[in-house]
Amino acid sequence: MENLGWGLQMTVLGMGLVFALLALLWGLLTLVLALDKEPKAPQTAKEAIVEAERIAASADGAIGAQVPERPTVNGMPADLVAAIMIATLKHKTELRRQAAPFMRSYWPGSQLFASRWVATGRARQNSIWQARGK
Amino acid sequence: MIDHETIGLLLKGVNNVTWQSLVMLGVSFVLMYLAIVKDYEPLLLLPIAAGCMLANLPLSPLIADDGMLKVLYNMGITNEMFPLLIFVGIGALTDFGPLLENPRLVLLGAAGQFGIFMTLILALILGFTPNEAASIGIIGAIDGPTSIYVSGILAPHLLGPITVAAYSYMSLVPIILPPVIKLMTTKKERAIRMPYSQRKISRRTRILFPIVVTVMVGTLVPFATPLIGMLMLGNLMKESGAVERLTKASAAEIANTVTLFLGLAIGSTMVGADFLKQDTLFIMVLGLLAFALDGCAGVLFAKVLNWLSGGKVNPMIGAAGISAFPMAARVVQRVAQEEDFENFLLMHAMGANAAGQVASVVAGGVLLALMGAGG
Amino acid sequence: MIDHETIGLLLKGVNNVTWQSLVMLGVSFVLMYLAIVKDYEPLLLLPIAAGCMLANLPLSPLIADDGMLKVLYNMGITNEMFPLLIFVGIGALTDFGPLLENPRLVLLGAAGQFGIFMTLILALILGFTPNEAASIGIIGAIDGPTSIYVSGILAPHLLGPITVAAYSYMSLVPIILPPVIKLMTTKKERAIRMPYSQRKISRRTRILFPIVVTVMVGTLVPFATPLIGMLMLGNLMKESGAVERLTKASAAEIANTVTLFLGLAIGSTMVGADFLKQDTLFIMVLGLLAFALDGCAGVLFAKVLNWLSGGKVNPMIGAAGISAFPMAARVVQRVAQEEDFENFLLMHAMGANAAGQVASVVAGGVLLALMGAGG
Amino acid sequence: MENLGWGLQMTVLGMGLVFALLALLWGLLTLVLALDKEPKAPQTAKEAIVEAERIAASADGAIGAQVPERPTVNGMPADLVAAIMIATLKHKTELRRQAAPFMRSYWPGSQLFASRWVATGRARQNSIWQARGK
Amino acid sequence: MIDHETIGLLLKGVNNVTWQSLVMLGVSFVLMYLAIVKDYEPLLLLPIAAGCMLANLPLSPLIADDGMLKVLYNMGITNEMFPLLIFVGIGALTDFGPLLENPRLVLLGAAGQFGIFMTLILALILGFTPNEAASIGIIGAIDGPTSIYVSGILAPHLLGPITVAAYSYMSLVPIILPPVIKLMTTKKERAIRMPYSQRKISRRTRILFPIVVTVMVGTLVPFATPLIGMLMLGNLMKESGAVERLTKASAAEIANTVTLFLGLAIGSTMVGADFLKQDTLFIMVLGLLAFALDGCAGVLFAKVLNWLSGGKVNPMIGAAGISAFPMAARVVQRVAQEEDFENFLLMHAMGANAAGQVASVVAGGVLLALMGAGG
Amino acid sequence: MENLGWGLQMTVLGMGLVFALLALLWGLLTLVLALDKEPKAPQTAKEAIVEAERIAASADGAIGAQVPERPTVNGMPADLVAAIMIATLKHKTELRRQAAPFMRSYWPGSQLFASRWVATGRARQNSIWQARGK
């Protein structure tokens, strides 16, 4: 079972290296950020979640970013969903208004920007076969 | 004249149907079912399933030399170009802001890679060769392109099952992660709220980030250069805002074309004899395990941070360190809200999640380095 | 020092102009005229014409080894990848619903391939080799990618004229088909109305269709696997509705790029000496004949169905069995309406037309099998 | 002329196989369709033609699907054309309304969806050179 | 067991950092700065910079055989396909109307190529080999694809610096040209107004133009066939109006993809040792010179035309003959208006500019012919 | 220094050839244009500049067509810029109206059609980082 010993060494060495490298990265980032000396502005929950949702939504367009299975939506208290949706959408139209060139650069209605929650729903109710399927 | 031989040719197809090819057709149908009905990353699984089906039809000319699927395989799998191009597109759509707002989260990404090595050991115990074991372990990176890249170098013959496992499990994040999280955390821990402090990230910083990461990782772990380099190239193009056309092309046209070709090519490697082994089952099981272990390690490490920070870190965000960006973060947010509607962890979870993305690549490079691949 | 030799080099171009190259330039201009002014499938004919022109300029570096046109040829013609990729895009835009609503129409597609074999015989009589004869016959499939694929395997040196014939005649459907139809049918037959019965085709059926067709045809005629497999892959992606991005990419970006490259590469094969033979003329004539024979056979077979069904089938829809989807069906509809404004055959014609699409591919595979190509 | 004999064999064998294969396909399809047990709903002429035109129109986007030469339009009684057009368009806008994401995924005005009759016409009257050409 | 050797492997990266690689990383950062902050043709310079950075990281697997950057290099630089494809896209967006409205302007394009040969002589004096000198001179074509194509054939080892010079200087047109113009012209000359006479160019003429140019240039200078052929192919597709899909694809999808790949591949050739030579500096300086000389020659020749036409030609438009379409024309227009708001030369300048585009290609072909490349 | 002699020969021969070829082209073009026998219509300054700007703008979409650095805009008398802008835009919307299919074939707001002056400005004020950058 000398393979096992080797495996353990791999684990120790491997995780050690990964941690070391990322710690180093942490250091470098702190350095880079120091140049900014931006003030840390406090932020409301809504702002944070909307901003985060915007980022997540655009990342949904990447190959391999997975569609959250439907339940998740219902799994969440409707009112909250609603709240977030409204905020998100308000935020989005805002963005869309000033940022038309960028936003439209994806298929309109594509999931490259729209939240997967919205988009998945839309996709379902629109796909052709649905219109005639059983 | 048409002789009996020619007539024989006509039955050649039917005569060459083997039970393995039939089983593999079955496998391809299952994959199609998962892709279409169950919505398991159809962008990858549907082409893979199609490639698998087409490769297992009797005497399929598509996998003969100069057959289209072979051609696609040599075009971008042998030289690893396809997974790397997909990475450019991912980088072009990934916003590392959440990580930059909270850089210490980087460490959570490291913890999220623990499963890779645990699985490697288990694979060794199950009798896989070191190279195979490492390739199976990389499923624990929970990152498609990384898994394809690493196993493509160390154990190309396992490319099929490993890719399938990687992408299927990525799509199972919402099902696998919650129980793991709940198992590892107390209700009280899950209720911890984290303060939202938004810090404007200057454009300069956003542009420096991909450059710094590439140079640092690339210098210390040359084996990781292609993966990190392409991921960060996409991000650099995005953040620079100077080459919108190229950014879009990488995220749309190029990504779509490459994904189709990649899936078909990988599917075509899943041919009867090779695929139908106990090993394949093991790989599936081990991949699932790697996944769970990643989650556990992430949560545990987050607990440490929480303890160090005096209760300011919700251990759940550790689970987002496994990468699978941005799904994992979304799942964490949902679990949090199932217990406290007003608990918004998404931004923090996204930070850990982005860190996991980078860490996965680093881990992949480290693994290759330790295996002395091409070293 | 610049010596006389160098000066000589400067006149090299002019000195290498041959009457063949001049004639071929003329040919390329004619093709441009047909493509631009006459609108004969410009998407294919214009790139072919350009490729032909560029290849026939004296000493054209574009067809030297490593010349761009050569590169394109090796990229996707030698290995048949381009026609197959175009097929994916066609499948992604083809709705087989009309065929599924009325599956017996499938047989009309079979009849529509008769011209392939008649032409093959005529070609033999004219002294073509069996391989050449089969490649010429395949023009009767009235399907571009199939013609390119089959002749690319059996007689690459005829690729140019055959592709040109295939696509030109496809664009002549509205001119060639009506007289054929009228010749073969009585006014009374043309007036036959067919009942419209719409049956909802479930999503499951629509998804099963491409899979069933691929497995069945692929198993019985392995030579047809690439063609049918890619056509049905596109259709599977479309009907699954799960990979919209890939479906679009195959029908738009990929299709456009490949079409341009394919056209240029095929045009570059039309170089003087080889092309300027009586054979080329024969090919054009035979192609036209194959076309007409397809139509006749289709109509005749439809008459049989009509007789069997007791007068419920309008023989004209048989003419749509030649493939050339959806043009042929449109033409049938028009002919019907010229005599009876209220006679709507389009849906039925589309069914026969879709069947023709499948049948063409099957016929292509059968032909390859009978020729024992690579067998 | 033994080649000829070979050719005849090819024809018999070839057409035989093609018919056999498609007959088999017919059987399989009937089987698959049996699973649906969908009722055959009667349909009006207009419905059928509009539906068929929609399918044909989207197939026009395929490489190698040919543009019907202009005469075809005039070749048909204008009133009928009109009737079909209206129906088609009504149908299309309907589709377009609910199916924005899908429809827009092609160049707006592209011939990937619009009927070739409409689109070709449009193309002609819009192409730049026309605006300045003789 | 993991032995010291393996541990050694881990430091391999750091150990292989050389001062050259560090300097080259610096170079890549400078290029990124120019591309992102200074906006010097970012579409090209950013990918080039990225390729340079990735190639100069220690032991970069990306430039090993089968490394992605190598693969891209062999895919489209060795065979010159990438620059040619970019030319198709340029042709698809270039309207030669202004030239057709005023064909005598063609000669201004010729004058604008003078810098090519002057620079060639200077390069010879500086001790470059004839092939290198010619490649450096071609920077004076002030046309990216032409420079890449010619130097790719004559001196591939200089591809990096030459491409960088070509595109950087193209983006410096608005800075370099005005002083040159002012130096060469009197206030009175700059004030000359030119009459606007619009003549409708028939569609036929617009379609004949690319064909005539291709056949004429291709026959007399076979070496120019690929460049002129692809530029005119794009233009033919555009003017024909018959293949909108392909025209768009060449100007968008294909152009974007190829540009990204081309930039990365060229950047990857800029590796330490080779690049860090005095020669590189010379190339930069000579390129700049070539540029200025082009402008001067253009203006001088325009003066001749002005004298011949009895003061009807504003000498400034000669400066637009250097190509760099449509920038150069815009700059001329601006200089004109700085002195007389109501002086509108743009249309005339565009004519000279389009001529410069054609002339650059012709000059490139002539240069290759005189070098007897592949002759 | 025989290389130098060679260089001079190259220059004489090279420039000679370039001029000869383009002169020949001039001849051919005159011939082709003769077939048109289009009348030379006089044109106002505005018309000419707008037309020219339209052509230049669409060429801006080509790879390697450079963005005129900002100063150029301010470097020009504002009123003229305005004048041209208005004309250009009027001209464009006109075009856009009838030519929707063609115009939209590029990313809306992309620089493939819009004048670089307009577009560059837009790009700047819209790019995401701007919205949040320092």
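The first chain written gets the first letter, and so on, giving A, B, C, D, E and F; residue counts start at 1 in each chain.
Basically, a residue touches a chain if its C-beta (ideal position, glycine included) is under 8 Å from a C-beta of that chain, and two chains touch if they have at least 3 such contacts.
Every value quoted in this text rests on a predicted model; they were computed, and no experiment measured them.
S.K.: Counting one step for each move to a touching chain, how far apart are chain B and chain E?
M.R.: 1
S.K.: Taking each chain's centre as the mean of its CA atoms, which one is farthest from the centre of chain F?
M.R.: Comparing chain centres, B lies farthest from chain F.
S.K.: More C-beta pairs touching across which pair, B-C or E-F?
M.R.: E-F
S.K.: Chain E and chain C are one sequence twice: same or different residues at the contact, by the over-half rule?
M.R.: Homomeric contact, different residues on each side for the most part.
S.K.: Which chain's mean C-alpha position is the greatest distance from chain D's?
M.R.: E
S.K.: Let me have the rounded angstrom distance from the C-alpha centre of chain A over to the C-alpha centre of chain B, please.
M.R.: Spacing between the chain centres: roughly 16 Å.
S.K.: On a C-alpha centroid basis, what's the spacing between chain C and chain F, in Å?
M.R.: So the centroids are 41 Å from each other.
S.K.: Give me the residue numbers in chain C that touch at least two other chains, ranges are fine.
M.R.: Where chain C meets two or more other chains at a single residue, that happens at 2, 10, 39, 43, 97, 200-202, 204, 220-221, 244-245, 248, 252-253, 259, 370.
S.K.: For chain D, which residues are shared contacts with two or more other chains?
M.R.: Within chain D, residues 6, 10, 13, 17, 36, 38, 101-102, 105, 107, 110, 123, 127-128, 134 contact more than one other chain.
S.K.: Give the list of chain B residues in touch with chain E in this complex.
M.R.: Chain B reaches chain E through residues 78-81, 84, 207, 211, 214-215, 218-223, 225-226, 229-230, 233, 236-237, 240, 242-243, 245-246, 248-250, 253-254, 369-370, 372, 374-375.
S.K.: Which residues of chain E touch chain F once you look at their complex with the stated criterion?
M.R.: Per the touch definition, chain E meets chain F at residues 39, 41, 43-44, 86, 89-90, 93-95, 97-100, 103-104, 106-107, 109-110, 113-114, 116-118, 120-121, 124-125, 130, 133-134, 143-145, 167, 170-171, 173-175, 195-202, 204-205, 208-209, 212-213, 216-217, 220-221, 244, 248, 251-252, 255, 259, 324-327, 329-331, 334, 337-338, 341-342, 344, 346-347, 350, 355, 358-359, 362-363, 366-367, 370.
S.K.: Show me the residue ranges of chain C that touch chain E in the complex, using the header's touch definition.
M.R.: Contact set of chain C toward chain E: 2, 5-6, 9-10, 12-14, 16-17, 25, 29, 32, 35-36, 39, 42-43, 46-47, 50, 53-54, 57-62, 64, 66-68, 71-72, 252-253, 256-257, 259-260.
S.K.: Show which residues of chain D lie in contact with chain C when the two form their complex.
M.R.: These residues of chain D touch chain C: 1, 3-4, 6-8, 10-11, 13-15, 17-19, 21-26, 28-30, 32-33, 35-36, 38-45, 47-49, 51-53, 55-56, 58-69, 71-72, 75-77, 80, 101-102, 105-106, 112.
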